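Once you scroll down, you'll see the structures, which are given as structure tokens.
Two complexes follow with subunit A in common, the first pairing it with subunit B and the second with subunit C.
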Partner chain A sequence: MIDPQVLVLGIGALAALASVVAVYFAVIERNLVRAVVFSAIQSTLYALLYYILMAPDIVLVYVPVAVGLYPAVILFLISKTEREEKP
Partner chain B sequence: MKHAIAVLSIVLFVLAMSLLLTVAGGLYIPSISVRPLAELYLNTTYNPWNREFTALSPEGVTAIVWDYRGLDTVFETTVFYLAIIASIAIARGIRKYSALPGKELGLSLIVRTVTRITTTLIVAVAISIALHGHLTPGGGFQGGATAAVAPLLILVAFSHYFLLKRGVSKDLMLVIRSLGLAGIGIVAIATYLVAVASGLPGFVLQNQPKPLSPVNLPAYLGGQLISGTLWFFNIFEFFAVMAGFTIVFLLLAIPERIARGGGEK
Partner chain C sequence: MIDPVTYMLTLIILCMVVNLGIALYGIFFRPSLVKKIIAVTILGDTANTFAIMLGYRRWLSPEKPSIPPVLLNYANATKEALAEFSARAVDPLPQALVLTAIVIGLAVTLFLVFLTLQIHRLYGTTDVREIRKLRG
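Moving on, here comes the complex of A and B:
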């Protein structure tokens, strides 16, 4: 039987590692729209981490800002410029 | 080559941070001298038997944000206010934009139906986050940011015209935001004005009675706990933040071709 605390903290550690992978793809990706999607995935994992680290107030402000408003601002700005990053 | 450097630097950063955390966890433990601060907040945030020092709010974070450290939050609101003013100033050249329907507007029927359902849910959750901010995690900024997602989804799934036709324009949002900010200012000086009018000493941003000043806003409204100023601050901040974000999105959604030409002729 696994200790529940270890299980929850293990989920948090996995989320943190997965967020690093999402950051790598967001940095490498040349298609800016896909980069924004990777950034939103990283934000979702961060929201899970904040919840596991017992900061519900931060989760409630992080979810709408980092998953909803921030990708939307960046997508609006990409629609005003170019979709592909030049090498 | 560039990808290899990126992978290597990210892996090294993660390994260095985990090593630091592992080593630091064994070497450095916060001393006992920092704990009385936390004990002070936890003992006084909801304590009806100690009416001169309590904030009468079971939610410690909201009590610290709007009562113990209220002035900091007022200045944070000022920063947000200036950011919105700056974005309106950047878009000042756009005289007129009516977003008249050209051809087909909005996304497909499925997306629009789902948006109709989810925006209702989002607004309901946002209002509950803001109104329960002094009881459960949440508050004015959290609720306002959540509510701002609803007009954003409508803007994307329906159209700019859909919002403008129903009266959600930049000017209306500016009025709501100004009323919200004025409400925050009035609540901040309400106890002070009451104290001055009745000849007692009073403080700006005072919530519950203090040893020097017995005036306060009511902690209970109709038998429900509203924690004095916290509930009013949360409501006004909700409207200010929601309207502020909506202004930014309404300005961003104007097509670049029209924005550069200075609006429609």
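Moving on, here comes the complex of A and C:
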């Protein structure tokens, strides 16, 4: 019989591991639009992690701000400036 | 033999430390200002996660998991219910501070976005190497 706390925290650890991959691609990617999409994926995984760490009030604020507003504002900035990062 | 719960929490903290390192690399070594803004938001979120992990509490037993710091039907809560709540609920203070930090981070990001927009209007580029050359 596996401990349910280990199961719940295991989901959180998986989300944290996946967020490392998303952060890596968000920083390395040269196409800025795809970098913003990877950043939104990272924010979604962090929201799941916050929910598992017993902070549902943070999730309620974090999801609209970090998954909705940040990518929208940065996409607006990209549309006004440059689409690609020069090597 | 290491406790599996300790193992999972250590894994989460290690992932956050790696994220912090990658975000710092993005801030210091990537040339594009837009990429720097993305890295700053990731850095702030990771710091917030550390603060939330500070307030986490382990389960008392599999039947009694830790609960969010929300007291339901507080109007007619008995003394025993309050004692059980204070024994099981996670710490609400870091969560309140993180809530404030998220909103302030939003304002700071908007300021940085319009600063970058103004730099692009004045210099015609968002690459820090070219901006440094133009200033000279």
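Just so we're on the same page, the second predicted complex is superposed on the first by the 87 of 87 C-alpha atoms of A that agree within 3 Å, B and C clash if a C-alpha of one lies under 4 Å from a C-alpha of the other, contacts with A are read in each partner's own complex, and residues count from 1 in each chain.
FYI, a contact is a pair of C-beta atoms (placed from the backbone, for glycine too) under 8 Å apart; a residue touches a chain by one contact, two chains touch by 3 or more.
On a predicted model such as this, the values are computed, not experimentally measured, just so you know.
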Pick one for A:Val36: touches subunit B only (first), subunit C only (second), both, or neither.
-> second
Of the partners subunit B and subunit C, which touch A:Lys80 in the superposed model: first, second, both, neither?
-> both
Which partner, once the models are overlaid, touches more of subunit A's residues, subunit C or subunit B?
-> C
Just subunit B (first), just subunit C (second), both, or neither: which does A:Pro64 touch?
-> first
With the two complexes superposed on chain A, say which partner A:Ala72 touches: subunit B (first), subunit C (second), both, or neither.
-> first
Please indicate which partner A:Thr44 is in contact with in the superposed arrangement: first for subunit B, second for subunit C, both, or neither.
-> neither
Which of the two partners, first being subunit B and second being subunit C, lies in contact with A:Tyr24: first, second, both, or neither?
-> both
Is A:Pro56 contacted by the first partner subunit B, the second partner subunit C, both or neither?
-> both
Overlap of the subunit B and subunit C footprints on subunit A, listed as residue numbers | 17, 20, 23-24, 27, 56-57, 61, 65, 69, 73, 76-77, 80
Flag every residue of subunit B that touches subunit A in the complex, lowest number first.
-> 3, 6-7, 10, 14, 61-62, 129, 137-139, 141-142, 145-146, 148-149, 152, 156, 245, 248-249, 252-253, 256
Within the complex, which stretch of subunit C touches subunit A?
-> 4-5, 8-9, 11-12, 15-16, 18-19, 22-23, 25-26, 30-32, 34-35, 37-39, 41-42, 45, 48-49, 52-53, 56-59, 62, 65-70, 90, 95, 98-99, 102-103, 106, 109-110, 113, 116-117, 120, 125-127
Which of the residues in subunit A come into contact with subunit B in the complex?
-> 17, 20, 23-24, 27-28, 56-57, 59-61, 63-65, 68-69, 72-73, 76-77, 80
What residues on subunit A touch subunit C, complex-wise?
-> 3-6, 8-10, 12-13, 16-17, 19-20, 23-24, 26-27, 32, 35-36, 39, 42-43, 46, 49-50, 53-58, 61-62, 65-66, 69-70, 73-74, 76-78, 80-82, 85-86
